[in-house]
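One structure, as structure tokens, below. Some questions next.
Note that the chains take the letters A, B, C, D and E in the order they are written out, and that residue 1 is the start of every chain.
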Amino acid sequence: MPQEKQHPGFIPRLISPRELFAEGNRGCQGCGEALAIRQILKAAGPDTIVCSATGCVEIISSPYPETAWRVPWIHVAFENAAAVASGVEAAIKILKKRGRYHDRKINIIALAGDGGTADIGLQALSGAFERRHDFTYICTDNEAYMNTGIQRSSATPYGASTTTSPAGKESIGQTTPKKDMPMIAAAHDIPYVATCCPSYPMDLLAKAAKAFNTEGPSYLHVLSPCPTGWRHESHLTVEIGRLAVETGVFPLYEIIEGRLKMNVVMEKRKPVKEYLKHQGRFRHLGPDEIEEIQRIVDEKYVRLLRRAEFDRSLER
Amino acid sequence: MTEKKPGWKEYPLAAVISKPGSCTYHNTGDWKTMRPVRDDSKCDKCGFCWIICPDAALFMGEDGYYEVDLYHCKGCGICAHECKKSAIRMIPEEH
Amino acid sequence: MGIRTGMEVSIAISEAVKLSRAEVIAAYPITPQTHIVEELARMVADGELDAKFIMVESEHSAMSACIGAAAAGARSFTATAAQGLALMHEMLYIASGLRLPVVMAVANRAMSAPLSIWGDHSDIMAERDSGWIQLFAETGQDAFDLTIQAFRIAEDERVSLPVVVNIDGFTLSHVIEPLEIESQEDVDRFLPPFKPVIQLDPDKPISIGPVGFPEIYTEIKKQQNVALVESYKVIREIWNEFRDMFGREYHPVESYRTEDAEILIHIAGSTAGTARIAVDMLREKGEKVGLIRTRLWRPYPFEDMKKAVAGVKAVAAVDRCLSFGGQGGPMCSELKSAMYNLEEKPFIAGFIAGLGGRDITIEDFFTIVKETKKMLEEGGGGEEYRMIGVRE
Amino acid sequence: MAVEEVESRLLAYGHTACAGCGEALAARTVTEAAGPDVIIANATGCLEVFTTRFPRSAWRVPWIHSLFENAASVASGIEVALKALGREKEAKVIAQAGDGGTADIGMGALSGMLERGHDILYICYDTEVYSNTGFQRSGLTPLYAHTTTSPSGSVSYGNLTRKKDLPAIAVDHGALYVATASVAYPQDISRKVKRALTFTGPKYIQIHCPCVPGWGIESHMTIRVARAAVNCGLMPLYEIEEGNMVSVRKIKKDEHVKVDQYLMLQKRFSHILKDSKGKDLIKEIQAIADANIEKFGLLINNE
Amino acid sequence: MIEIRWHGRGGQGAVASAEMLALAAIEEGKAAQAFPSFGPERRGAPVMAFTRINNDYIYLRTGITQPDIVVVLDPTVIAAVDVAQGLKENGLLVINTHKSVEEIFRDFSGKNRVAVVDATKISMEEIGRPVTNTTMLGALARATGIVSLESLENQISSRFPSVADSNIRAMRRAYEESVLKEQ
């Protein structure tokens, strides 16, 4: 039965077989970012333009004369993916109006890592959201500047050791909590915000599809484990992403038109220790610090649940 | 005799790459020290290994099993680690 | 024939952008550029110009959005000045490196600190090497004409480079004066719709802005530099065509009363107008003085410059920009280096004047000529440059 | 007024702000409330231009201006330097900017300052427009306001986007103290500044300041217009400490006005007050006010 | 070439009058320049604006320091700035004032051409607001004949279409009522 032969499993039946982010890219073994992008482009399809910030993804995907992209792609600089996407979006709108471009719907993606999003690119992102461009901003968050050698970003979590927030005699590593980018994005009153992780491909694909179908700006925050920067074994990438969700370190939720919805509520969350223990960047932490991290995670999780409950009550 | 490298006139404008997905010619398969091997008797063809491979290095074969594209597989081991049926294991690369 | 009218020069530039049928305009406010982009915003709001106007959150994003828009195939324009141009700095290199034909007007203004909103050329001189074609306007008519020409030059397949049109902040940008506005039909004949060489298109998915290893970077830069140097020919060709259609002439270096001149004043921008009056007055007194004005700053018109100064005794090179700790003024340095290998070369005296909006008066030009003559009589040498009008 | 009293003003008279300038009044109130032991990092903008025409300065506290986009970064440097020198007890650090210098070109620097947890009070003087360069739209320009870069015209009704919710964004950054204030209530500004300075860490106050030429109002109407913004619900005044709402300024029923009462005082909205399409647009603005009234529980009965 | 300096307060339209005069001259086939004083002046502060008129194209790109004519839109400015500074010897002062031309002569001793008109009163009566820029154009036209009233009317009509009539009335009245005295 040829049909069964083509679609033997559950997952492949639902997912496009086209690889728009090509094999042979130069990502590290077990790269969470490459995995996330591969999945996202399956949801996006070929009628997509990607505006990439400088960073690992840009470097691993475009060493001249090779490219991993099978969709039109542009890289300009580090801090301006959202601004470049703004220009692309405006251009395509006016070119369509003047009959000088395909009339098909084109997904416009601005793509950056956590540094390019939460630090140097935050302003361009904020401006593009405020101006209501019709595009999707995707932050592949690996919680440090991996491309330049694992320096701290504002998305680096409390207690993580990086090359510019190293753990040492006088320091536990990063001392500030992770900047809450999805919430900051949502505070811009944009219609769609979601957190996701490639360890949950179906969830990620569904959210990406929603984001692309949203009129106006949308934001996807994708936790992308980095074996090199987090110092974990390459085969654990997917598992660590899963543990981030199961421990409540990285809750999966959507904020649609300002209303927050938890996608998975972990009644019994695993202790964060389970998540931390695989990662070299947390190896220096003692029981007190781990307890502090547990406290931060708990507090934030409870806050989220409360907000979700409140938002649900508004729907009555 | 060494190959003659292209001169400046031979490069495209602004080094734009006009061959989409051309990195597929790049052999990242030679990065690996371990390679995945499938046990057909355990595999239920669910496809999870395929969708969680960062390198798109699995492809569906004639019979519905997912074959490893050894030219691109970097040997990260995620597929083996994640397989719920333990149908994939990593074995040392021959040398 | 255009229609003669009185108009603020900033508004004339906006008219030129409209007549050029620009498709995306991205800008951020900074004095004295504002009137240009405000007028464009009004044209869009009134439906006179069917374009997208993006009021971005910084100049960095203004240039980024123009790069994105040009890459998507739209005719793109922005305008800025001083700190705004400096904030764009890295993007300027990328626009030219990606060979995207963005057009920008710069209302030249001094750089902070102390904060000065007034005109000089410090802003654009800091971007001298960013790979853009750079033109200077003296009059409102120039500003209008050069803006239309800029799109044509930038988008020419043989060029594919961004172009900046420099107008002096306030002394040109905010002045109302008579000029000729050309008709839409004529501008359409001169400037066909933009046919992008590089375009983001799902039917032909290219990758723009890849990583360039040491293996290829030099070759790509060579290619870019050759395009910039050779744009000279295209620019002249386009200027000839413009002259044939509209009757107004443009040259890389423009001379005034240089026949039999012994001393030439060299300057760029609107102040050349005042210099012209000073030359007239000196000529009346029998002094053999002339004027050369740089219209095309990048690519530098070496041959035109050599021709323009051939046979003169001295050139008084006046810059509205100070190169700290260096030769004094960038235009003077360039002129000197262009002459260095010539067997017969004029004495070149450097002057800095008109910083941060200070007028360069007719009397200042008298002083400049007098000082030049004195230095010449003393056999050259002495200080590398002099600052005019500075109080002790 | 006694000469000594005038001479002790921390923000002196004689600056060159427009007659009736809301920002000047707000800045004076902030400076007086903060007291003499402060160092101010000021962004480019009206406040900078009208207070420091060389060789005269309106400031009697140490003050620095470097650029438009970086008040928060300069303040961060000052704060860390004071700590490094062991002098952090000697002065409090204030960063201040207009709405453009805060919500647009200074957004990145502000975000970084908040995230790094510097002990700085950031004040945004929100005039809802780039006043200094001639009234261009900013990220805090409200819906349908006419500005020179979001002009009303035959195919446009002014600014088509809503005001960026910067206080909410600051809260989501984990700022310890976030408050909104209005120049209509100087004592409230004063109290909030003093309260903010009791927190060690990043603080953010956004003060709504009408701009006489930018909004097209009469110079004597500044306070009245600002008050109407509060009383129609468009400009809720509140305080958030460590993420928790601790105070909201209530609107008494008899003070409450509909948004058109606020809009009609300003030329920048005149284009939506005259035609029939404008009625629908005003409804949209009213809906924003109503949502605020509900969200913050603004309306109360008279006592 | 004639160089004119305008004095007023920020927001009163000094720049607009400088521009309308230049545009009127251009419309008549002359060359002209108009420009504001390039400063960060705020509303209410004393401001200046400038106009140059010439038969041939004006190449000069400097500010005006020795004007042929000074026009004062707001009588209170006189107390704040020296409006006659740099005025050429044979220069003309055109002032909005309720004072008589003799009184002004006394105030500006040494100047030998003065024109006065109570533009504030006229504009209050005709326009209903003390906006004197269009009114003062009438006084200037009368004192100099530099451009025709018709050209100025065209400028007012295109610039302020909704209030053109009252502004034109005010300008015409100022043209009639201004008093010029030379010594």
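Heads up, the rule we're going with is that contacts are C-beta pairs under 8 Å (C-beta built on N, C-alpha and C of every residue); 3 or more make two chains touch, one makes a residue touch a chain.
Keep in mind it's a predicted model, so treat the numbers as computed, not measured.
Ranking every chain by how far its Cα centroid lies from the centroid of chain E, the top place goes to B. When chain centres are set by their Cα atoms, the one at the greatest distance from chain D is B. If each chain is reduced to the centroid of its CA atoms, chain B and chain E end up 80 Å from each other.
Rounded to whole angstrom units, the spacing between the C-alpha centres of chain A and chain E is 63. Between the CA-based centres of chain C and chain E the separation comes to 35 Å, rounded to the whole angstrom. The distance from the centre of chain D to the centre of chain E, with each centre set as the mean of the Cα atoms, comes to 39 Å.
Within chain E, residues 40 each touch two or more of the remaining chains. Within chain B, residues 15, 17, 20 each touch two or more of the remaining chains. Along chain D, residues 49, 103-105, 107, 132, 139 each make contact with two or more other chains. You'll find the chains touch as A-B, A-C, A-D, B-C, C-D, C-E, D-E. On the chain C side of its complex with chain A, the touching residues are 23-24, 26, 50-52, 54-58, 60-61, 64-74, 76, 90-91, 94, 98, 193, 200-213, 216.
Residues 79, 118-123, 126-127, 130-132, 154, 176-177, 179-180, 183-184, 186-189, 303 of chain A are the ones that touch chain D when the two sit in their complex. By the touch rule above, chain C contacts chain D in their complex via residues 27-31, 34, 37-38, 41-42, 44-47, 53, 55, 57-59, 83, 87, 112-115.
Taken in their complex, chain B has these residues touching chain A: 15, 17, 19-28, 31-32, 44-48, 50-57, 60, 62-64, 69, 71-72, 74-78, 80-82, 90.
Across the interface of their complex, chain C is touched by residues 44, 48-49, 54, 65-69, 100, 103-105, 107, 130, 132-134, 136-137, 139, 148-156 of chain D.
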